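Next come two complexes, and both contain subunit A; in the first it sits with subunit B, in the second with subunit C.
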Partner chain A sequence: MKSSASPPDHPGSTSGPGTTPTKPGAVTGWLKRLFRLPWAGAIAAIIVLLAIDLMADSSYLAVSYNSSTGHLVGNLIDIMRAAAPVLMIATGMTLVIATAGIDLSVGSVMAAAGAVSMEFLSNNQNAASASAALSALALALALGTVLGLANGLLVTAVGLQPFISTLVMMLAARGLAKVITGGQNARATSEPFRFIANGYVLGLPVVFLIALVIAASVALVCRRTALGMMIEAVGLNPRAARLAGLRSRGLILTTYVVSGLLAAIAGVFATASVMVVDVSNTGYLMEMDAILAVVIGGTSLAGGKFSLGGAAAGALLIATLDKTVLFLGVPASATPAFKAAVIIALCLLQSQRARSWLASIKASRRSRADQTEAVAA
Partner chain B sequence: MTANQPGSSVPTSSQGSAATSRQASTRSTADHPARTGGTRRRHWPSLRINRSVLPTLAALLIFITMLAFGQFRYGRILQFNTLSNLLINNAQLIILAVALTFVIITGGIDLSVGAVVALCSVAGVLATQAGLPAPLAIGLMIALGLACGSLSGTLVQVFGVQPFIATLALMFLARGLASMLSTVPERLPEGSGLLALGQPIKLIDGPKVNDLTISPGVIIALAIVAVAYFLLHRTRFGRTIYAIGGSETSAELMGLPVARTKWLIYASSGTLSGIAAVVFTARLGIAQNITGLGWELDAIAATVIGGTLLTGGAGYVLGSVIGSLVLGLMIVLITRDGSVPPEMTTIITGGILLAFVVLQRAVVRQRR
Partner chain C sequence: MTEPGPNRPIVEMKGITVEFPGVRALDDVRLELRAGEVHALMGENGAGKSTLIKALTGVYRIDAGQILLDGEPIRLSGTRDAEAHGISTVYQEINLCTNISIGENVMLGQEVRGRFGINWRKTHAAARAALELLSLTGIDTRAPLGSLSLAVQQLVAIARAVVRHSRVLILDEPTSSLDAREVANLFEVVRQLRDSGVAILFVSHFLDQVFELSDRVTVLRNGSYVGQYAITELDQMSLIAKMIGREFEAYQEIASSSVLDSQDDAAPPALATTRLTRRGAIAPTSLSFRRGEVIGLAGLLGSGRTELARLLFGADRAESGSVMVAGRKVSLSSPAAALAHKIALSSENRRDEGVIGDFTVRENIILARQARRGWARPLSRREQDELVSKYTRAFDIRPADPDRLVRFMSGGNQQKILLGRWLATEPQVLILDEPTRGIDIGAKADIQNVVRDLAASGVTVIFISSELEEVVRLADRIVVLKDHRVIAELTNGPDVSVDAIVGIIAREGQTP
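Entry: the complex of A and B
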């Protein structure tokens, strides 16, 4: 519970506020606090990537206004649109990981949700109507909720380890997607449904706005109520949380349901943009993107501490990385390996041993600084 | 949960050098009651008391029931070629299940096996296409598997990353590397020595196609099962594995080489995945970056069906073999039936796995 009292600080930072020197000006102190934010690294990486893009093409960051359609166009807008699905699953994954669980099924739930909406629309007589699009959306969300509920029940009621239950769901949901479409890729035409992913509001892609609103409301509910703290308590020590009067099971169940629901939304985003669901490729390895975004955001995979803002920054970074790789002409098949290597590196940094190494390095440096200060005095 | 295997007296001497441990293991084999023959009565009660055999026996019963049901319902099940195909088609699953038995008994997990198989097969096929002779290609595949296994072992053991996270990261890495190598099906060149490993060997020439055949892959798988059985049930290394699964802290306090054993187990899991890749590629002649998708679940399911507790501490190599055969037979029956879409198999596998976990939980609870 001690982590909840202090603002979400970086797992590696061991120096308390008492060590902050008072000599430097307010600006450096402010900068220091900025760097300690969980998403500082992600933002820095985004800036570096964009700088690389800018070096390759000086007009990369240009966002122009298309007066005939009223849309903003440019690479930044593309990145926003690509970040939306990742932002959704990363938000859900953050909550699940905070309870010391994991949800490996998000990619497959995306495929299943996309499959059910596409199949519904392609069999619907008036697929172009808004009501059909809304029902397709509702079906997808309902399926995601049910699959998330199944995950949650397996974890809480049956008592299965989270990674086993969600691994089963990862394969079962993809099987389900194939069963729904009969093993084929399903396509449909529905302008209202397509609007979800390709439409614009106020010149900005509507998909990004929806994702942002959802992520922000989840963050508000978690951080402006005690819910986030409760989830962290469950992740730190489920038994202590129960003794403190929290309904651990209900909380854990909720996180899996939310994760399933958000994965379904991501699935709708991913399929609506192309209006086709590829049952074996939609959402493939997306659980890796989600986990990567969460880890980049400074959330510990051991649970008990989470940062939704960090996950959002991580999602933006992943979208930027994907676009940069495409833009620079690096074969896109190389990105999964690179992402996995980053995950492994961040896992190492989060591990107990690496942290104790870092702490000892910091301590020795501090003691040396103290010595020089003493000598100077 | 507890390591109450037959005669699970943990070695008391705490010297851990390789020479003494080998010596000790051979001595304990010689002293084993079953080997000396005279004290058979001591062997029986331990089997009867040991309730952790129950799930394995249940799996055997299920396998026999499935065989009988298939023969009765669809026919042509209890015959040479169906049974040989069952073994030939599931050789790689048997190898992976053996690998996971070791990992799961220590209370860990290896989610990377399927992806490591993909990486090793794609690398092996590409190397063969580039003109590497078959023995070297096989060596490369196994070495790659060993490298992956050592990496996950180091992550788990040295850095203390949770096993499922470490092996999950490795799963992503291996899949990523495999798709970096190639994203299209790669074919082994005609006449490659690797393909010879997949050629069936006729043992009994039956009427028409009804022959009892076996492939080098099956021989490799059975040899691995034999070695694993010996290691797990007849050596100090095996006892240490059970002890770690029972309680890692206790095992450490007893002076058992926990760190080394755990590292070895993940390394061997990777190596066995490499061997499974060799067996699979030799049989199919094709490798792709999506080879082995979901095999980790199949291998876990086979292990669990065979009576290994997912929480660690109890399990049998032979049980996992039965578990693999149950899964293989299930696919045969589904194909024969024809009314279940093949896409459903993963859902059914998952369902069976869940059912067995629940069943195990009931058995364990009863035992307490």
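Entry: the complex of A and C
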């Protein structure tokens, strides 16, 4: 540890940009490649957290089948359900961040979308009908799209900085939510609408399945078309991208619209589970969770190369973390600090500098071990 | 400060080896810099010049060999370390902050401190003094750096080195964006520094300048040391031969005769402008370009040649006037629109408007082609591979690894990749703005050959270069610009020479 201040003299260690594995054993090579994935850290952290839970309660991971309802029940199922809204906004956030932007308004858009659907259902005589539920859903999605479009226009057409534009929208959308419900928390009863968040299909929570399908579709569209590459080009070098004939404005606008739409879906998830929109607390600070999920997933805030799989892993980690904090009985006042500690540890593990520092420690240890071996022999 | 005697080496690099994963960038290279000399470092692109400089400034760690400073071995772990040892660098793409003041740029990290933190008055005074040493008087050091021309910014970068009492000054392609007068000015300063005992390492692709300024030369080829020579031992031919390791017929083979397509004049021109105007950029300009023609735009830096090119590509919008493509009036509202009309522009600013460094060779080459197809119709892997291997082979891009990140490749290779990107869009009009700036002779010859071949296949090529020889050698027709307007159009022939063009520019109005 002490010798870490001076750089190692090993010719093989971290000399150039990017190092290649030296000893490709079959299994270790595979493991190493896994470890190099941008979101390997998130997966590892999830496993560690679940292991801690398991130590506290050996039946923590048990998933049982409730034969009367046909549902799977257990903590893992709860985590899936909780991850769904984060997964949605993290997916949209990834695309926005890839264009070197940011969307701070997603939490408030969630509240606004939830508010419009709850208000619609509470004033509807046929609230229990499927058509009313679908209308409420459509209203929420339309509102999210419009708010996303407004964000995108502020950024592309007006030319405001993404941080400012979406900060304004963060205030405006929550204000809008309060206007829609008249400042009250709106509640409604609609079984079909409630099904979106609380229903089960094939024993699994439908909300998680919907989120998974949407996230996977977005990823497929990005990677099976040229959209992903184009978004990355705009994020990496906007001027070069423009000269290469990319319509950067359209691309950037699209990412904000997608982010608004996905935030509306997350808002529906969050309100449908309790059938109440709490205009002050629904989606509160969710933009932070989304940004963290994106960063944990290995997408740089500077824009460019992005990983939707990483964002999904990050969203799952955040849901696991929330659940673990609750389960371990960490006092409510200490919860944010606990969460921060885990996330900082993870970011450190992923930083290039911290990694090469660790590698240099390992290398100098190994050389010392070699020396002692040589002396012994 | 230890006062070294004249001609004693300040820096000696011996047996320097630098390896990147899979590549040995430098192999047993040596370099000796003496006090009071200008030492040129020569080699083709990818020969290892930049790597050697980065080894000397501590950016890259060396895998073998040693660096001696005044005979003492030193170990450098970064540019800050190198600056502490008196080694300063002025990079080709100036690494200063354009949004802070001139004085702050000069004094960054060397601010004069008083009892209450930085004493800005004294700091700016010191900056002024340093600038005056370089005969830059009357500069407001509190103005933002961005308000200065590129040439003066370069001198400000040198002033930074003066403030640090640097004993070794590395100038990496300092003249690539300067005009003749600015170059003369710079050389004056460099000689002055040399005479005060600074060792100067000079990297340039301009052979004339190397011969004008340098005392000694070290030549590298493919990451290996070729030799060190006194400049008086060499002439241009022998230096080039050492750099490329073969006789340079390739360079001379390029036909100087123009092979003008004799097509009937009834066919509409490939591209024509009528009173195309943009304030501050170009005065009303009417030009027409035929199929298969190479048109050179000649003029000094800032004469309007780049501005005209950008209007023709829709990178900037014209305020008035019209453009016809193949006889049809078109609106060039954006680069995307221009590309749709089969017009392509390779920008002079390779780093900011050209390659995307964090993209692979493959992604860089297919980008514009894909943009024209739209996002919903991706090029299949096979189509991508075909395009990439076609241009990798045609332009001899090295290493021929389509999945290598472009930022790890040399300038000449980056330029070839860009050329590949534009050719992949199958343009009818190709505008090349300084395609050969800052690249080596081999790559230059390759690019000039490509221009000829393209013209022969019917593409209109608009060629912009600060090197008038190149324009005269390649162009069928030369459009001369000065002060943002066209002052002459010449059909190339035996009577058209560099001197003739310089004469036209000089005679027009007041001479610079």
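One rule holds for everything that comes next: the second predicted complex is superposed on the first by the 307 of 377 C-alpha atoms of A that agree within 3 Å, B and C clash if a C-alpha of one lies under 4 Å from a C-alpha of the other, contacts with A are read in each partner's own complex, and residues count from 1 in each chain.
The rule is simple: a contact is a pair of C-beta atoms (placed from the backbone, for glycine too) under 8 Å apart; a residue touches a chain by one contact, two chains touch by 3 or more.
Since the structure is predicted, the reported quantities are computational estimates derived from the model, not experimental observations.
Applying the stated contact rule after C-alpha superposition, one finds that A:L167 touches subunit B and leaves subunit C untouched.
Contact with subunit B, but none with subunit C, is seen for A:M288 once the two complexes are overlaid on the shared chain.
Of the two partner chains placed around the shared chain by superposition, neither subunit B nor subunit C is touched by A:R365.
With both structures placed on the common chain, the touch criterion links A:K32 to neither subunit B nor subunit C.
Comparing subunit B with subunit C, more residues of subunit A are touched by B. With both structures placed on the common chain, the touch criterion links A:G183 to subunit B but leaves subunit C unconnected. No residue of subunit A touches both subunit B in one complex and subunit C in the other.
Within the complex formed with subunit A, the subunit C residues making contact are 18-22, 60-61, 63-64, 77, 313, 315, 334-336, 338-340, 345, 347, 352-359, 363, 367-368, 370-379, 408, 421, 425.
Interface of subunit A with subunit B (complex): residues 102, 104, 154, 158-161, 163-165, 167-169, 171-172, 174-176, 178-179, 182-183, 280, 285, 288, 291, 301-302, 331, 333-341, 343-344, 347-348, 351-354. If you check the complex, the residues on subunit B that touch subunit A are 109, 111, 155, 158-162, 164-166, 168-170, 172-173, 175-177, 179-180, 183, 290, 294, 296-297, 300, 310, 341, 343-347, 349-351, 353-354, 357-358, 361.
Subunit A makes touch with subunit C in their complex at residues 7, 11, 15-20, 224-227, 229-230, 232-233, 236-237, 239-247, 304-305.
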